[in-house]
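The structures come next, written out as structure tokens.
You will see chain A twice below: alongside chain B first, and alongside chain C after that.
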Partner chain A sequence: MSGTTPVPGGGTSAAARGGSAAAAGARRRRAPFGAPAVLLAPFLVLFTACTLIPIGYAVYLSLFSERRSGLGFGGTTTQVFTGIGNYTRALGDAAFRDGFWNTAQYCLLYIPLMLGLSLAVALLLDSALARAKRFFQLALFLPHAVPGIIAALVWTYLYTPGISPVVDALNSAGAQVDVFGHPLPAIVNIAVWEWTGYNMVIFYAALQAIPREVLEAAVVDGAGPLRTAFSVKIPLIRASVVMVGLFTVIGSLQLFTEPMILHDVAPGVVSTWTPNMYSYAAAFERNDYGLAAASSVLLALAAAALSVVVTRFTRDRGEKRTSKPARQRAEKRTETAR
Partner chain B sequence: MSTLTPVRPAADTAKPGKPRRPWTLSKTAVNGALALATLYTLLPLGWLITASAKNTADLIGGRSLGADNFHLGQNLQDLATTGDGIYFRWYLNSLLYAGIGALLCALICVGAGYAFHVYSFRGKEKLFGVVLLGVLVPTTALALPMYLLASQLHIVNTYWAVLLPSLVNPFGVYLARVFCAGYLPGETLEAARMDGASELRIFWSIGLKMVMPGFVTIFLFQFTAIWNNFFLPLVMLSDNRLFPVSLGLYTWNAQTHAFPEYYPLVVTGSLLAVLPLVIAFVVLQRHWKAGMTAGSVK
Partner chain C sequence: MSSPALHRRRALRLAAAATATVLGVTLLAACGSDGDKSASASDAGSDGKPVSITFWGWAKGTKDVVQAFNASHPNIQVTFEEIPSGNAGGYAKISNAVKAGNAPDIFNVEYPQLPDFVSQGAVQDISKLVSADLKGKYLPQSMELTTLGGSTWALPLDASPQALYYRKDLFEKAGVAVPKTWDEFKGAAAKLKAADANTRIATFFPDDPSTFEAMVWQAGAKWFGTSGDSWKVDMAGAETKKVADYWQGLITDDLIRVQPSFSQQWTASLQKGETAAYLGAAWGGGVLKSTLGTDPSENGKWAVAPMPSWDGQPASGMLGGTTFAVSKDSKKAKAAVEFATWATTTPEGIQARIASGSSSAYPADPELVPVAKAAFKTEFYGGQDIYAVYQDAAKAIKPNWAWGPTMGATNSSMKDAFGKIGQGTTVPSAVDTAQQATLAELKNRGLKVAG
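The block that comes next holds the complex of A and B.
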């Protein structure tokens, strides 16, 4: 702990400056080296050990294949450098490509549905007409407290004829419901249930942070609630929508738990149904670590590429929309109205 | 934000000449839609509660619950005795992983976030940028290389294999920095410095105390993340005495085809596993809302 005391001279000079203390603060606080290092070290060490090194190790592993030499029990395995061999093997495997195709279909169905629903519910909750806002917020958020595996289990039971009151009611009404024959919507529904409320709370918080004068100005301009929602509110919370979209894309690519549970009951959900399940099967069913690492790296690359696309795409759209002048005009209007 | 709300009605009355009411949606439509959405989120949980009181035959047969076939006590007793009470061992493991993991993680995150906020050093923003990029790394893509690394270190199938990766949360560092910027007035730290307190002492007895709401928020979210994590323990653990609840229920569910008597165990076990988080979120409403507000307003 010694050596962390700040230079006394620095302290007094900054105090003398008074008002500009914040500006001077940055320079003054540079003095002790020990304290920031001690405070940052635990995180940086763990971050290196559990994120950076595994990434490097995955890349390294993906370049090698294990060859078994010798026969039977005494045989040893040797690592052979294969370059991009594992990558071409993964990409050449129809099961791996099918996994990406399934994930793409899942994203196309799930992301617009979930984002649309959570935005709609947040806007409803933000409207002056909504009652019992605290209750609705909590009740809609609760699925987030349910572990993904339990959500998947409960919904799987709710899909199972004989166990599910819903399926039984529909079947006795004449509709032949076969949820397990359509795994994609079944999985999308579980994900929508888990995440709509969570993201709704984020959107609602952002909506509440919009200055009331701006909404006021929109009303004065004659905008109805729908117009206000689409032309004022949603453009103003674009940062939140982009952030949620980004996390949703990354989360969707990692799809694993829900199809893993449905794998037991739905014949269409094979053990390599998503890229993640493919990596898992490669590692633990086939003990092919090179292939597993290569497919993990490909998944991470896909996530990185999609993150770039999401941020770029939304930034461009934001610039074209130019919501800023509209807001300024609205703000000016409020000034004059007063 | 709440201080600004009175502006709205005031401006309405200021323009009495304008009879136009822009709110075309009716109150019933708005609240009805919200109630419908709430039904969707709550009904599966309601089903879980009633199903946990059913025995195997009633559960599979779809019989509705009544006073004569209420078997919650029996199910709980089965849960406590099956496999020598392994379920409650899983429960304790989950509490251990999530409790200790979230506590240490929150401390580590707040320490790092505090350092990023208070001090300036060479390459600070670049380092912070790397941390933010860490938020975008798919964690499940890391689990497999982490398993292989852990097996070389011979910590696979130990508590450490699940606990150590749970301590890292780059988003928590980001949140902690945002919270520090919001809760820590520079003057207070300055006063402590003038009093001759060492930097680490200032962090421990002033900084940490002032960002306590942020600490609780990060703790709560990390607790949930660890409690809900399934992939990491699935990869790391093979000894079922080390399993968390999520993994234990998964292995039981896999047996329901051959042994239907596991159905009530899985259902009742699921209900018990959901309870602590539901209670935490109901009690700590202020904290999770604060966390999500800080995360959304960049």
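The block that comes next holds the complex of A and C.
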């Protein structure tokens, strides 16, 4: 709705125009919360019920500890306010810190590997040389359709010595593989298998959206397929790469299913292998809900901080690149002035 | 570059990221917080209607026991739900249900974890429902472990004396006699390995500290004690150290396999004859039989012997062992205790369990041992009288052992440390880690620790 409502019967008179503009302005002033409130209400209700209240409850839980009397049998149990006691307990626990260290190692190994692979496959599929594109797209995406738990179970079977045909074949060929002794590569492998195809589809879609004229121009300028890929295609789908990277970082912090399944068969994957597993173990093995809540709040803060850092880092680099010529011009000017 | 819109977006993004992570745990904690408490109005069955109680457990043969009970008790109907074994997630399931208020009326818990459940307030004091007469029926060592702070909290199903299960053919082939002492056991391990480089004598379970704990108990250690209102924790005594050093020695010399308990790896290596023995308890006889007995060619290969000891004299700890506990909020405690009494102290209850074929539980009520013996089909053990072995071991269970109130924390820290054996961690250092974790947890719960 704007101020230029046409008046029936031809031309818009100035009076009519001014009048309707004033009316629209009044409407806007009179009901600043009307339509937006109605439209936002369902979201806000769900957001409050499913997000804000649970977070508030977790924060509340994290401030209390249970204390028992006597030997702890049949006596009274009291909820004691401990302030940041649970937080210092979590941070002071080497197992919790180890969880973050494991996750960091996992990120360092997994993210470059998975991003590189899915980008490479997407570029290959996008290149003029690719055959049977549909088939490969589907085949590579298929692992993602397998639920994470099933994938972890299948891989566990393939990892278990004495059962796995793969491990047995490698062993009889003289290579002594001990997958469970090195859980990190084992878990990274499952994740790469699961997610490469999915992210490949995202990259492939972004590549398809690149205007063909740009690519033609690159060819006319004499760029080969490799040069086109690195100098034209990748920079143009940078936004997608950043987005996938961000989601992957956050997803990595929430790593749970795969190590939890491996935990049953590989004792090296301890019950607190990731921060998420630490929270789980605190809540359900040690019944320490305060510690579980505190550690999950800490994990949430870490995830938030990390996402801020990642977005800030990638955006700054983008800004620098666009302003480079301007900066060069400015530098030249100062040089001549000197 | 810092417009208010961007600030808002950043704040939103922060909130979204925080949301995603916290949601995981809180949803788990919050789900089902108002349970089905109203359905308990019809307790006692005095109005003629049958009382119906719910029961969670995983002990072998339980389904048959429940069926037999329901058939013979029209006034009480038990609904049984099989849950994963405690160590494999069953305990987490139970404590969650108790916390959420939708726990079953009665559930199985093993001796080591009972004090933890009592301390959490998940279990009801059933002292008033258990007569002195009933208490007198059970093996004293079992009753000791279910009586905490002067009250009775559970009824014991089985005593679980230790036993050594071994492959007769493999031992004979390697010219190894059944070891009576732990020194002989080490010698036997070396001989078996020398006869076939792929064979190890038995398995150290890094995921299940209870086997190690039974070994420590057998050696005469006492980890937990009380004086007045304080707990005493002694996991660093000479006996414990002796046992820890011994097992570390076997691991270092590669004389024993390190594999998770009852895992596919473990089963596969038993099937292939690469592991020649299993250090278990009475109930393990049924587990071994139902795991391997599906292949008829395994019949008659296995035999049972007393657990080796330090001085060659019969000695045993208890490895696990199941009890029936009534959950905190149950309003049908009377019916639940009646069911537990029937399942643990009547010939019909024991008969139904053992006749299922998968259980070799050693009844905590010694009078029922002949019933169990008659019901157990022994062709898997070549007709051996395995209950005679259990009976001698049960007499040799060392008295006065107690479990602490924080076994959840104790065991999970020991389990995690055992998992890192070979990567800078040893059995003795794992025990030390567990002691520290235990003391920290006691303190955290506001319990006093002496000395």
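We take it that the second predicted complex is superposed on the first by the 269 of 338 C-alpha atoms of A that agree within 3 Å, B and C clash if a C-alpha of one lies under 4 Å from a C-alpha of the other, contacts with A are read in each partner's own complex, and residues count from 1 in each chain.
To be clear about the criterion, a contact is a pair of C-beta atoms (placed from the backbone, for glycine too) under 8 Å apart; a residue touches a chain by one contact, two chains touch by 3 or more.
A quick note: this is a predicted structure, and the numbers were derived from the prediction, not measured.
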{"item": "Touched partner set for A:144, first chain B, second chain C, both or neither", "value": "first"}
{"item": "Partner chain(s) touched by A:279 [first = chain B, second = chain C, both, neither]", "value": "both"}
{"item": "Chain B versus chain C as contact partner of A:271, first or second or both or neither", "value": "second"}
{"item": "Partner chain(s) touched by A:300 [first = chain B, second = chain C, both, neither]", "value": "both"}
{"item": "Which superposed partner A:91 touches (first chain B, second chain C, both, neither)", "value": "neither"}
{"item": "Partner chain(s) touched by A:80 [first = chain B, second = chain C, both, neither]", "value": "second"}
{"item": "First (chain B), second (chain C), both or neither touched by A:67", "value": "second"}
{"item": "Winner by number of chain A residues touched, once chain B and chain C are compared", "value": "B"}
{"item": "Touching partner for A:287 - first (chain B), second (chain C), both, neither", "value": "second"}
{"item": "Contacts of A:51 with chain B and chain C, given as first, second, both or neither", "value": "both"}
{"item": "Chain A positions touched by chain B in one structure and by chain C in the second", "value": "50-51, 54-55, 57-58, 61, 157, 162-163, 250, 253-254, 256, 264, 276, 279-280, 283-284, 289, 292-293, 296-297, 299-300, 303-304, 307"}
{"item": "Of all residues in chain A, those that touch chain C in their complex", "value": "50-51, 54-55, 57-58, 61, 65-74, 77-78, 80, 89, 95, 157, 160-163, 181, 250, 253-254, 256, 264-272, 276, 279-281, 283-289, 292-293, 296-297, 299-301, 303-304, 306-308, 311, 319"}
{"item": "Touching residues on chain A, where the partner in the complex is chain B", "value": "1-2, 4-6, 11, 14-15, 21-22, 25-27, 29-30, 32-36, 38-40, 42-44, 46-47, 49-51, 53-55, 57-58, 61, 117, 121, 124-125, 127-132, 134, 136-151, 153-155, 157-158, 162-165, 168, 193, 196-198, 201-203, 205-206, 208-209, 211-213, 215-216, 219-220, 222-226, 228, 237, 239-240, 243-244, 246, 250, 253-254, 256-257, 261, 264, 276, 279-280, 283-284, 289, 292-293, 296-297, 299-300, 303-304, 307, 337"}
{"item": "Residues on chain B engaged by chain A in the complex (per definition of touch)", "value": "1, 4-5, 7-8, 11, 14-15, 20, 22-27, 30-31, 33-34, 37-38, 40-42, 44-45, 47-48, 51, 59-62, 64, 108-109, 111-112, 114-116, 118-121, 131, 134, 136-142, 144-149, 164-165, 167-168, 170, 173, 186-187, 190, 193-194, 196, 198-201, 203, 224, 227-228, 230-231, 235, 245-246, 249-250, 253-254, 257, 263, 266-267, 270, 273-274, 277-278, 280-282, 285, 288-289, 292-293, 295-298"}
{"item": "Residues of chain C defined as touching chain A within the complex", "value": "1, 10, 13-15, 17-30, 88, 91-92, 95-96, 99, 115-116, 118-121, 125, 148-149, 151, 153, 206-207, 226, 229, 231, 258, 260, 263-265, 268-269, 272, 274, 405-406, 408-409, 412, 415-416, 418-423, 441, 444-447"}
